[in-house]
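Here subunit A shows up in two complexes: once beside subunit B, once beside subunit C.
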Partner chain A sequence: MVVDAAATVGIDIPVYCYHQALGPLGACRICLVEIEKMPKLMTACTTAATDGMVVHTQSQAAEKGRRGILEFLLINHPLDCPICDKGGECFLQDYVFQYGAGQARFEEAKIQRHKEYPVSPYILVDQERCVLCQRCVRFMGEYVGEEELLMDGRGVHTVITNVPGIPLTSPFSGNVIDLCPVGALLSEPYHYRARPWNIEREDTYCSQCPVGCSSSVTGRDGQVVRLEGRPTPGQWGWLCDHGRFTYDFGAHPTRLTEARLDGEPVTVGRAAQVLGQRLAAVVREHGPDAVAVLTGGSHTVEDHYALRRFADEVLGGSRAGLVKPVEADLPLALLGTFAELDQSDTVLLLGTDPYESAPVVHLALRENVRRRGLVVKALGDRHLLRDTLAGEEWVVEPGGMAAALAAATAGVSEHPDARLAAEGLAPADESLVRLGQALMEPGALTVLWDGREQDLAPALVALARARGEHPTRVLPTFGPRNWLAAARVGIPTDYETSRRILMDAADGRIQVLLLWGADPVRDFPDGDLAARALERCPEVYFGGVFPPDGAELLAGVLPTAAWAEEAGTYVNMEGRLQTGRGAASAPGQARPTRNILQAVARAYGTPLRKLDEWDPYEGTVDDRLVLPPLEGSVRPVSPPPAAESGFRLISGLEVALTHDPSEVAARTKEDRPARMHPADLADLGLLTGSGPVELSSGDRSFRVGVRGDPRIPRGRVFVPRGLRGVPINRLGGIAVAVRAVEEVASR
Partner chain B sequence: MKTLDRHYLLRHRDVPGIDTLQGYEADGGYSGLKKALAEFEPDAIVDLVKASGLRGRGGAGFPTGLKWSFLAKDGRPRALVVNADEGEPGTFKDRELIEHNPHQLIEGMLIASYATRSPESFIYIRGEFLHGHEVLQRAIAEATERGYLGDRVLGTDFSHHMYLYRGAGAYICGEESALLESLEGRRGNPRLKPPFPAVAGVYGLPTVVNNVETIANLPPLILNGAEWHRQWGTEKSPGLKVMSVSGHVTRPGNYEVPLDATLRELVEMAGGVRTGHQVKAVIPGGSSMPLLPAGQLDTPIDYESLVQAGSMLGSGGCIVMDDSTCIVAAVARVVRFYRDESCGKCTPCREGTYWMTDVLDRLEGGQGELGDLDTLLDVADNINGKAFCPLGDASVGFMVSAIRNFRDEFVEHITGRTCPLGARLYDTVNY
Partner chain C sequence: MLEALKGIASGMKTTLSMLKEPRDTYPYPEKRRELAPRYRGKHMLAVDEDGHELCVGCGLCEAVCPAHAIRVVAAGAEGDRTVSWTERYAVDYEVDLIRCIFCGMCEEACPTNAVRLTPFNELAAYDRRDMIAKKDELLAPPVRR
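Then we have the complex of A and B:
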């Protein structure tokens, strides 16, 4: 289009309705230009640029046309600039200033409409300020496919609104605030909070899931008050609402802001000193193996680097590991990128629904479906596809994904590794052969995987080898957000390393366990082991932002600075390094990890040298981790567990539930996190379609709110992992009893 | 102007009872379809229509055969959509054709569908045409029963299904792409072109959209041939046209005339203006077109002559205004119509019609200022050619021509602070 061609040579043509992701519409007419040999002015956003075309953006006719459109936009626009949240960041102000007439001619009455009208708990619409560019309506209806905003009324009475009585619930709805070129769609939590001249607005990346969407963080008076999407080359700048509205987590009441020793508040300096001395004494007496460090994968790369050097150089070679909520290990050689996803001929959702686990990747998939007709495949223990992301899916028994994948591959490939992985498994039936055929299609394959089922790792390696020269890439949708930072600095990220550390702690072989942002009791797949480790290890210290489960067992707590409180580097699920800047200050005594570790090191007697001279990007290629080659042997995949009576427990990861504690995002937080088929709920007597249930297995049980979801197969109960108070990792088996219980009135 | 021996479109005027299948068949009805199926390959009909010079009667006058030949040839099924939305103020010809001669429309649609190889067709009928809707429903049922519609029409390989859809009362839904949006169940806003309907029309299929009258021309055309059609009108505008004559004439109504009739002849056919009055101005083609003052009454109504005279044939809604007409009130009323009917998609039409309406209301009520006229013309200039669809342009044509031709009358409203003719648009009816 002419606008895009002009932009490539640095000529700015104003637009409202045009957005490359949405395609041309031609509604607002602000982009009128004069094109030689065309009888009238043309809209630059709907006219394809052709060779030899001569376009004038500043001719008399073009300027008059544009001025006329701006004048029209203003006749019913209120004089709100001084009180408008967008004042100073508004394209109507900007364009009128740049291209508009100095004087208004309209003297008639302006139409009055709804102002500050809530279309969702997060979004207000000011219909008077709307320029009816339809970006918001088209984004929701066409791009996302969730038609939650609409145009009501006709002609000059047209307004943007929600379906009467039905607020927006899409997790992508917040993007319309960014898309709105004027102050018509407003963030309710940001409403009247700040003006462009009294904020810090810095480039960053979202901290809430491993997609790591590029964003801008707004700070005011040391606090984060807003997060916006930030387009970068090749990325539209979408965010999901879980990320967008969790920006206030640093100020959450449960945030750690003071250091503690044995439960008593102390200064950070004092806590660091005691920890340093204790560590020195333990290492002196028992050697470095008596200390271990577990990271939770949320701190920055720089912090992980400091942690790694602390373990190596100060403690003299203590073990370090990563606590993640899934049991399987991704062969890093297979790590893919979003650009590869956009080029892939086949995409497989493996156990994961990206709408829940990596929301903005769902949007990327949907765009691929819309733009080039991609047909998504899914293999899972529940239905993973959606109306907005149709495709073909295979639903298998709980715990049976690895066996299905291995059998499917072996069903169509003679490769020895494919055979080996499927050894001892039942041969693929017709349906699995079809899956195998789909996965063996030539061209590129990208797999989205949530890291459940340990045996999926060898099954994926076998598939990649069987596919030979055709690229096979995996994008891990599991968290924690920055687990690849551990990989970047050489901290082992595999399940076995952390399991060993926890076993040794539980068996009394570790004297001091240092948890850095790690919450093993809540997150580690074997929750009992983690709990035993915390109980039996003589001294457990914790550095981080929120207290972990079992905080009462801690010997000491050190509050660290969080995202947006300092500049720092993150690694997203593509293995891409992303440096975000700070826009707020750490509250209370919270300090950057590096400073705390340095203080501990000094107290230990071995200060860390040249900590700040390290460059996280050093040795990376295109800002991405350098991946190891695919090596190692494939082992046979175990057959799926035998069917038992009762319900079967299945799980997954949901950003909507596992994001950091946030008062803003709490507005829409689901309090019935478990899901079952509606017919099963009815059988349990939960005729309203939701309610509390008790899940039990052996002598273990817990209560959880459950709601109906037809995408969960009958006889299964889906419970997300990593939720506080929902200890799914302590139930043991996958066979559970489910029983409806009385609602406990909350005080 | 050659006089007509009989009506070819308003056939019911000569033959009573033609609105039933029996009556229509008795007058030779559906023999055009039979001839088409028996003697013509589809493409030969397209060639015949091209040769006849038939042009669309919905407003734009686009050559019908040429439009059909633009249909995408990629093997997808095609569709025919008949525009029966007839919303243009001053136009009521499609309504008469539908209510009194429905089978000629259905027969024409079958011929057009056979020619364009469309297995399905749709009639989008204006919501207010309740009676027309009932008539068509009955006529379609009759035709289906008799085997003109359905699988294997009259035992041939040609199968055809026809659907009738009622609009909900928006003028913009007469614009073909807004019509398609509405037909598909969405808000009736015009679509971005390209793609044109011939490539992606209803439900994305290659689609022909034709006006009711255009289609009603087909049965006589098939029976009588291209030369027969060309005996009327001019070289570039051949054929017959149903003109809706309204306003200050003593016998308002539809008149089927050759396309070289003059405006004066039309006014005379309609009984002329009331005694003691003179024609002041005529809008030849519906309220979207500029007016022509009485001095231009001898202009023939063919497409080219009217354009040369400064107006357009449009849909053939000829509105006659005599010397009792307050032109300011007329303009205020017409512009208000476009304000109410603007779909709201594009800025200039949506906001500009609102602005002009407010200024015109003030002016008409004697509250105008001299600067208002320049403002109105400049606002019109900022709409004209800059809106998304032709409705924007349509909203200003009449006003601009009125200010040009009758500027004094506008000035008198301003300086005299009232209407010199004593007219007042909104003192009884409160809109």
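Then we have the complex of A and C:
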């Protein structure tokens, strides 16, 4: 299009309705340009640029055309810039200033419409300010595929509205706030909060899931008040509402803001001093193996670097590990990128529904399907495809994904590794052979995987080797959000290392356990082991932003600074580094991890030297981690667990529920996290389609709110991992009894 | 000795001759200087005849202030309890009168004519914190006695 061609050479043509991701429409007419040999002014956003075309963007005719269009747009536009949140960052203001007439000629009364009425808990619509560019309607309807915003009325009475009585529920609805070029769609939490000139707006990343979307954070008076998407080359800058509206987590009432020793509040300096002296005494007496560090993978790369050096140099070689909510390890050699996803011919969703676990990736998949016919396959223990993402899916028994993948690969490929992985498994049936054929198609394959089922790692390696020179890439949708930072600095990220550390702690071989942002009781797949470790270990210290489960067992707590309170680097699920800057100040005594660890190291007697001179980007290529080559042998995948009667528990990761506690995002937080087939719910007597149930296995049980979802196969109950008060990692086993109960315990 | 007396006499001559001249100073506070009608002194926030504040908290005064003396925090009215003539109003409006250079650009920038500089210029306090004029203070414009 002419407007894009002009942009590449730095010529700015005003646009409202046009957005590259949405394609041309030509609704607003503000982009009028004069093209030689064309009799009338043309819209630059709907005219394809061709060879030899001569376009005048500043000619008298073009300027007159733009001025006229702006005058039309302003006929019914209210003069309420002083109270409009968009004032100062509004394209209507800017263009009227630049191209518009100084005086209005329209003297009749302006049409009055709804002002600032909510279409969702987060979004306000001001119909008077709307220029009817339809960006929002097309984004929701075409791009996201959830038609929740629509145009109502005809001619001058046309308005943007929701379906009457039905608020927007899409997790992508917040993007219309960024898309709106004028002040018609406003963020309710940001309403009247600040103006563009009295804020700190800094480039950052979204910290709520491993996608790490580029964004801009807005701070005012030391508090974060807004998060916006920020387009970067190759990315449109979309955010999901879970990330966009969780920006206030740093100010949440449960946030740690003071240090504690044995339950008593102390200063951070005092706590660091005591911890340092304590560690020195323990290491002197029992050696460095009596201390272990577990990171929760939510701190920055710089913090992880300090943590690793603290373990290596100060403690003299103590073990460090990562607590993640899944049991499997991704062979890092297979780590893919979003650019590779955009080039892939086939995508396999492996146990993960990106709409829930990495929402913005769902948008990328949908765009690829619409734009170039990306083929989507899904293999999981529940239905992973949705109305907005079509493809072919295979639903297997719980715990059977690895066996199905290995058998499907071996059913089509003769590669020795594929054979080895499928050793002892039942041969692929017709349907699995079809899956194998789809996966063995030449061209690039990207797998989205949520890290459940340990045996999927060898199955994926076998698949990659069987595919030979055709690239096979894996994008891990599991958290913790910055777990690859641990990989960047050399902290082991595998399940086995952290399990050993917790076993040793549970057996009393570890005297001091240092948890840095880690919440093993809630997150670690073996919750019982983690709980035992915390109980048996004589001293457990915690550094982080929110208190972990089992906080009463902690010997000491150190509050650390959170995202947007300090500059820091983040590694997202494709291994790409991104640095975010701070826009707010840490509350209370919370301090950057580096400062706390340095204070502990001084008290220990071994200060860390040259901590700030390390560059997280050193040795990266294109800001991305350098991956090791794919090595190692493939082990046979164990057969799927025998089918049992009764309900079976399946799980997964859901950003909507596992994001940081936030008062803003709590407006739409689901309080019935578990899901079952509606028919199963009816069988349980929950005829309203939702309600509290008790899940039990052996002598363990807990209560959880459940809602109906036809995408969960019958006889299964889906409970997301990592939720506070929903300890599915302590239930043990996948066979559960489900019983409807009167009321649910607080989540 | 004589030289010194001569010097004093010459000095005193100038001093004594000035006694007859009109005075440039005022015996403040008994007598006060007449100020120009558009003299720019302390700020006020205007209220319309219904008692609604004119200020909508747009923050343009804050943006234009060359001395960064103004701080505005806006909010939306809760329910029907409108404070200003529209839904948005200023919760906090502070002028740091020590920083202020009384240039009047806030008055000029104000789209609702809410901020005005009054001719009140008696700005003194024992504590510098008292020199930060809060909203209540600005809504009750001081009158020069």
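Definition applied: the second predicted complex is superposed on the first by the 743 of 747 C-alpha atoms of A that agree within 3 Å, B and C clash if a C-alpha of one lies under 4 Å from a C-alpha of the other, contacts with A are read in each partner's own complex, and residues count from 1 in each chain.
The rule is simple: a contact is a pair of C-beta atoms (placed from the backbone, for glycine too) under 8 Å apart; a residue touches a chain by one contact, two chains touch by 3 or more.
Predicted model only: the values in this text are computed from it and were never measured.
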item: Partner chain(s) touched by A:653 [first = subunit B, second = subunit C, both, neither]; value: neither
item: First, second, both or neither for A:116, with subunit B first and subunit C second; value: second
item: Contacts of A:154 with subunit B and subunit C, given as first, second, both or neither; value: first
item: Subunit B versus subunit C as contact partner of A:130, first or second or both or neither; value: neither
item: Comparison of subunit B and subunit C by subunit A residues contacted; value: B
item: Which superposed partner A:82 touches (first subunit B, second subunit C, both, neither); value: second
item: Which superposed partner A:197 touches (first subunit B, second subunit C, both, neither); value: second
item: Interface residues, subunit A side, partner subunit B - complex; value: 24-30, 32, 39-41, 46, 64-65, 68-69, 71-73, 75-76, 105-106, 108-109, 111, 131-132, 134, 150-151, 153-158
item: For the subunit B and subunit A complex, residues of the former touching the latter; value: 170, 187, 192, 339-348, 350-355, 358-359, 362, 375, 379, 381-383, 385-388
item: Of all residues in subunit C, those that touch subunit A in their complex; value: 56-60, 62-63, 72-76, 86-88, 111-112
item: Residues of subunit A defined as touching subunit C within the complex; value: 80-83, 87-88, 116, 191-193, 195, 197-198, 221
